[in-house]
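Order as written gives the chain letters A, B, C, D, E and F; numbering starts at 1 within each chain.
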């Protein structure tokens, strides 16, 4: 079960509120590379770990819990970037700089639906979706999903870092980038504890996969080309179980479907 | 540009049509772990490769092209699993075994919307979405996304292999599993050519990330626990740039938002 | 503005409630081929018609209004197919035949979320989406969208008709199929009043389109094949403005992207 | 920030695993009435509370944290309902009763994508979406959203309670239903502390709303009917600011749109 | 069944067309707080009302019908805000002020897909979804969903009112805000006719819910805090059936999942 | 199976990069009227063609393959419109004109998620969805879906053509518009080969549809109006099988639903 403490995980300050940057930060909340995704992804992965693999469950759940705190930090950062105009006297809201920016930009719902606060959407305004979450039941596959999530997540945070001059925002992002560094390292470390896991899943017996095509780079260029002699077209395979080769698509005959039953009304004349 | 040849990439035969298995195969077409995702993911990644990295563009595009052929194979497999009743004489379609199965099961649209053929949806009936596609612009992040896609893809194919007794379907899946083995290996091979890429992106200078928290495992248990001495809580980090440590969430003070502007009508009394 | 009358547009009776058929009917309510789509599609198309084309606005709006009544009929049909067990005495709901069917089948939300009534979802359980609605601003394009909607709609209704033996349901579907016949005819009739509308939009001057490729069938087979002499590869074009020919993809040189700016962190080593 | 404790919030036991019930429970995890929705809804509402209304922030955040624990309980319940066959000896997975049920039913992804565990989807297999989350910035509107969420949530839990005979599941649901009772009460209690909040938002001056139509029940029947003398067509309004009356749609003239600019290519002939 | 009248429900005039405001108005058409949602929500709720509760069916259906007219008004308002440049002479559309605004802003599809008219999307450009619609089968739960929809809807309309200076738009919004006032009142009035409906559903016997936790505020702070003596932590519960108390999460032991069957290929080494 | 050639199908040049136009082009990639839709639509339609109708399969598949090349061209065009600033020396990315435009506009994910490249989303930033794809199993219905797709597609391309002054972009669009002209013509040509296909599906026997309402224009105006004597209210029907008439909605009695079973907890008091 979960607990909460009324402090943020790390300080969030904004010197000069910037509604455009608020919109960008939404990607790190509700986007494909965002914190809602990793928090819930690690949580659902943890939920599936059997009792005899408790150390992996704990690894996943502790980091899921950390990521919940990142959502909180970023939501605070969004709200602070949308503040700062509250005491102005004016007749119409559209003369307010923040609201004018909302009307110009691609995230009007931050004003219309959320009253100038964070939302569970990405920077394009698209809602968060459970589709982002990968929890396959296979721990090695999950770890690669996590390495990927933190790789795109750190790339996103680095891009955001480049887009702001605000010292508070740069400091917060410097913290989040550091955490992404750690998380990439810890998922790789977990993979190190699972020897010989490639190809995933390693419980499927390789002798049952087609032996003619499991280490061949299949060239699909229109006109045949000679082996380009790349790391992936020759030499030992990365998993150590085969030898890379270079070939063409085998071809399996033309598809030959029958008509389906009449009641489908697929016929034309 | 693309070309097509009227043969399948590999033979697709079905001895005993099974509408339930047709539904399962949809996951490998339009699902998060399916062929539409990888075909389009590799394609969009290739589209973004600059001219001076042509070998990576070719690697991605050739495999994207191969995956298009897998969609074609699987769509043929779905249609063949839904055939086989076309010459029966009957009054009402619902007495047909295939249609009865559609009515019972969770994929009625295969009859209602597609006339007993493949659709761009997953096995739960949910449409394919561009959300599945990861093309970050950063090649190393992309390769991890590809390793992940093939890891969950091979897990899916292995699970499907277990669910059928049909020799034709087992043979087709054995081929697809072999290709997933190769693809996992080739993306790993591409990563080998990018030295020192962890943490991704490696172009962000690590001295600008917060140095206190970039190699610390952050324990979030309610009550503090001693260091569990795991690979990810002590010793050299996987990227070789730091030393794992074990700590707690630092805490950053309470969030302190102001009221937003009146025109938002957030006030109550 | 709209009005309502407490009668259904056409009688809806169910002799033998069938929860499986209730699920199938959902496709005709909230599916891509369903009544929510056409009601809203015709409505949004009507909303865009300028004042000097009032007869088209009326055509669209009157039929939109008719389709609202079809949603009502189908929702009634769904509810009636889920009724019929209400007076049974039992300890646990799962022993009820209707609920058992919900648990077995692919539409459990009809029990869990809707208390055994119609929902704005399709037969796979996927929610209705504004994505289905085509309202392009160009009347001719819209009419083709409407012909298509009624063609797939009538195909759906015909398939549903085949899947039921219930006289009430067959009568209701016979009515809805008749309306689809009329609607296909009326959209075609509207197209007849727009002379020379192909290619749509006909306001774009054809001399500004590339004259070398506007009537050529572009063969993309891997190996060149001779002209198959089909209606679409030779002879006068359907719009009467050109002559069909048969050729190959022209080819436009290799893509040659530059590196993007450093701040994107796309680089690897 | 958040913390976690390796215990469930309340005991979860399953005596007789039931894969069909696992599917039903998904609605309480990733569905519109589920725990992901309320956990995140209360969290995003809390994120937006200004510092001078700290008691409301705490109310929302503490309950958000509680709901996270409900996701964990339900995910455990799903996994336990999908267990129980692990030691069987068999050749093909499809002979396994659990997998056979997945193939029959509408949630095959629980096997194919999640290896027989919980997923962030609803019982129809549709992914969780940020669309479910209501966090308007206005506290009174939010409280009504919360009353609604707990009302539909308790209805869902009661329906689930009826669909199982398993004592462990009945006990868990009895706990969750009790919490829904409390949560409904606490949101109502919060509304009691906001006097005169109807109509929401109460900061919009009512004298600026159209005074002719703000307390009139607008009858839209095709043929006029006499006032039915209901609570909502006569007598004092519930907010105490007006008197209910009964009338008809006023009518505002025909819409009269101009043609739009030529470059849109809306014209036909 | 439904009828239509070629007048708008209320006059819609725009003095100074404003493409940015057109975008904002989309939230009131296809957004979570918009008119498509309430029109269809009330309609689906009405479809589910049994014959012996006809007065509620009429209440819901008459207001659904009214809301259809609001979609029509708002779509007209969007089109009028995108007009006004039609007679300009120019070479390229991008020099047109309206189109330039579409290119700048976050709603380019209003030009590209709709030829400068209303669409079934929200102000962020996200399509309307059936997910917004709540029709639970339980009338009390539905009424709370309706109070919530009108509360967020009126908040949205008030925010829009603040963002425009156009007298025509202010007048139209003043009308819509008035209707939201009435609708909030009428749903509250309907709740008044359902005595003792809290907790919803009131047909579930409260003695079957867990008696230890149904009126306890469950504090989830990391460190225990004393009872803050709020309305929701002490005193009589709002439903009058219990006494509020203040406690902690009970704890239910560690989750203890078994391994699932081998055919899932969840194992690592 | 598919092949690829490292050339674009047609030359793509950009003289003056324009990030706003890059955003607009996204509609032609991942939008409802875009190339991903037609490529996959024609492909899924081809997958369903039985062996004895090979010429239609080839027609569909060859054009699907052509459209894949259009995605490639457009993705290149997007990337080129986002280039051009790569050698600037600067401290913060936000001073870069391209990134500033991303922050202003409605497509920030092109920077944040894709490092300034094409994405599988539309111009509003909404992800591509399988919902766009129509593949009904009935060839005539499919051809109308294709006519519609190319009609809205050519309208989109024409609008884009109007929005750019760049000679390279105008040339590329002139090519794509030409292809849309051909594709409209070829789908019409295919329809010509299917005689008497209206109403679709023509395999459903018209004598089984309700004979009273299959050629009647159903007027739904509130107050009856005389026959407006339009092409669709009198004279021979377009399919030649009937005579248009003009009437009113028949009416089918009031809906009369029973209460559903108690276990649904729909009751209030």
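We take it that a contact is a pair of C-beta atoms (placed from the backbone, for glycine too) under 8 Å apart; a residue touches a chain by one contact, two chains touch by 3 or more.
Please read these numbers as outputs of a predicted model, since none were measured by experiment.
Chemist: Would you pick out the chains that touch chain E and also touch chain F?
Modeler: Chains that touch both chain E and chain F, as defined above, are A, B, C, D.
Chemist: Report back the single chain whose CA centre is most distant from the CA centre of chain D.
Modeler: Between chain D and the rest, the longest centre separation is with F.
Chemist: Is the contact between chain B and chain F built from the same residue numbers on each copy (over half shared) or from different ones (under half shared)?
Modeler: same
Chemist: Among the chains, which one keeps its Cα centre farthest from the Cα centre of chain B?
Modeler: Between chain B and the rest, the longest centre separation is with E.
Chemist: How far is the middle of chain A from the middle of chain F, if each middle is the mean of its Cα atoms, in Å?
Modeler: 29
Chemist: Could you please state the distance in Å, as a whole number, between where the Cα atoms of chain D are centred and where those of chain F are centred?
Modeler: Computed from C-alpha means, the inter-chain centre distance equals 33 Å.
Chemist: If you average the Cα atoms of chain D and of chain E to get two centres, how far apart are those centres in Å?
Modeler: From the centre of chain D to the centre of chain E is 12 Å.
Chemist: Please work out the Cα centroid separation of chain C and chain E, and write it as a whole number of Å.
Modeler: Roughly 26 Å, centre to centre.
Chemist: Counting only residues that touch at least 2 other chains, which ones in chain E make the list?
Modeler: Each of 1-9, 32-33, 47-48, 58, 62, 65-66, 69, 72, 76, 79, 92-93, 99, 104-107, 111, 113, 115-117, 121, 124-127, 129, 131, 136-138, 140, 152, 155, 158-159, 162-163, 201, 203-204, 220-222, 249, 251, 254-255, 257-260, 262-266 in chain E touches at least two other chains.
Chemist: Which bits of chain A are touching chain D when the two form their complex?
Modeler: Those in contact with chain D are residues 1-9, 30, 36, 40, 43-44, 47-48, 58, 61-62, 64-66, 68-69, 71-72, 75-76, 79, 113-121, 127-131, 133, 135-138.
Chemist: Once bound in the complex, which stretches of chain A touch chain B?
Modeler: Result: residues 3, 5-12, 32-33, 55, 58-59, 62-63, 65-66, 69, 72-73, 76, 79-80, 82-86, 88, 92-93, 96, 98-99, 111, 115-117, 129, 131-132, 134, 136-138, 140-141, 144-145, 147-148, 150-152, 154-155, 158, 161, 171, 174-175, 177-182, 184-186, 188-190, 192-193, 198-201, 204, 206, 208-222, 228, 230-232, 237-239, 242, 244, 249-255, 257-266 of chain A touch chain B.
Chemist: Show which residues of chain A lie in contact with chain C when the two form their complex.
Modeler: Those residues of chain A that touch chain C are 155, 158-159, 162-163, 222, 263-265.
Chemist: Touching chain D in the complex: which residues of chain B?
Modeler: 20-21, 23-24, 27, 31-33, 104-107, 122-126, 152, 155-156, 159-160, 162-165, 220-223, 249, 251, 254-260, 262, 264-269
Chemist: If you look only at chain A, which of its residues touch chain E in the complex?
Modeler: Answer in residue numbers: 1-6, 47-52, 92-94, 99, 103-109, 111-113, 115, 121, 124-127, 137-140, 194-197, 201-204.
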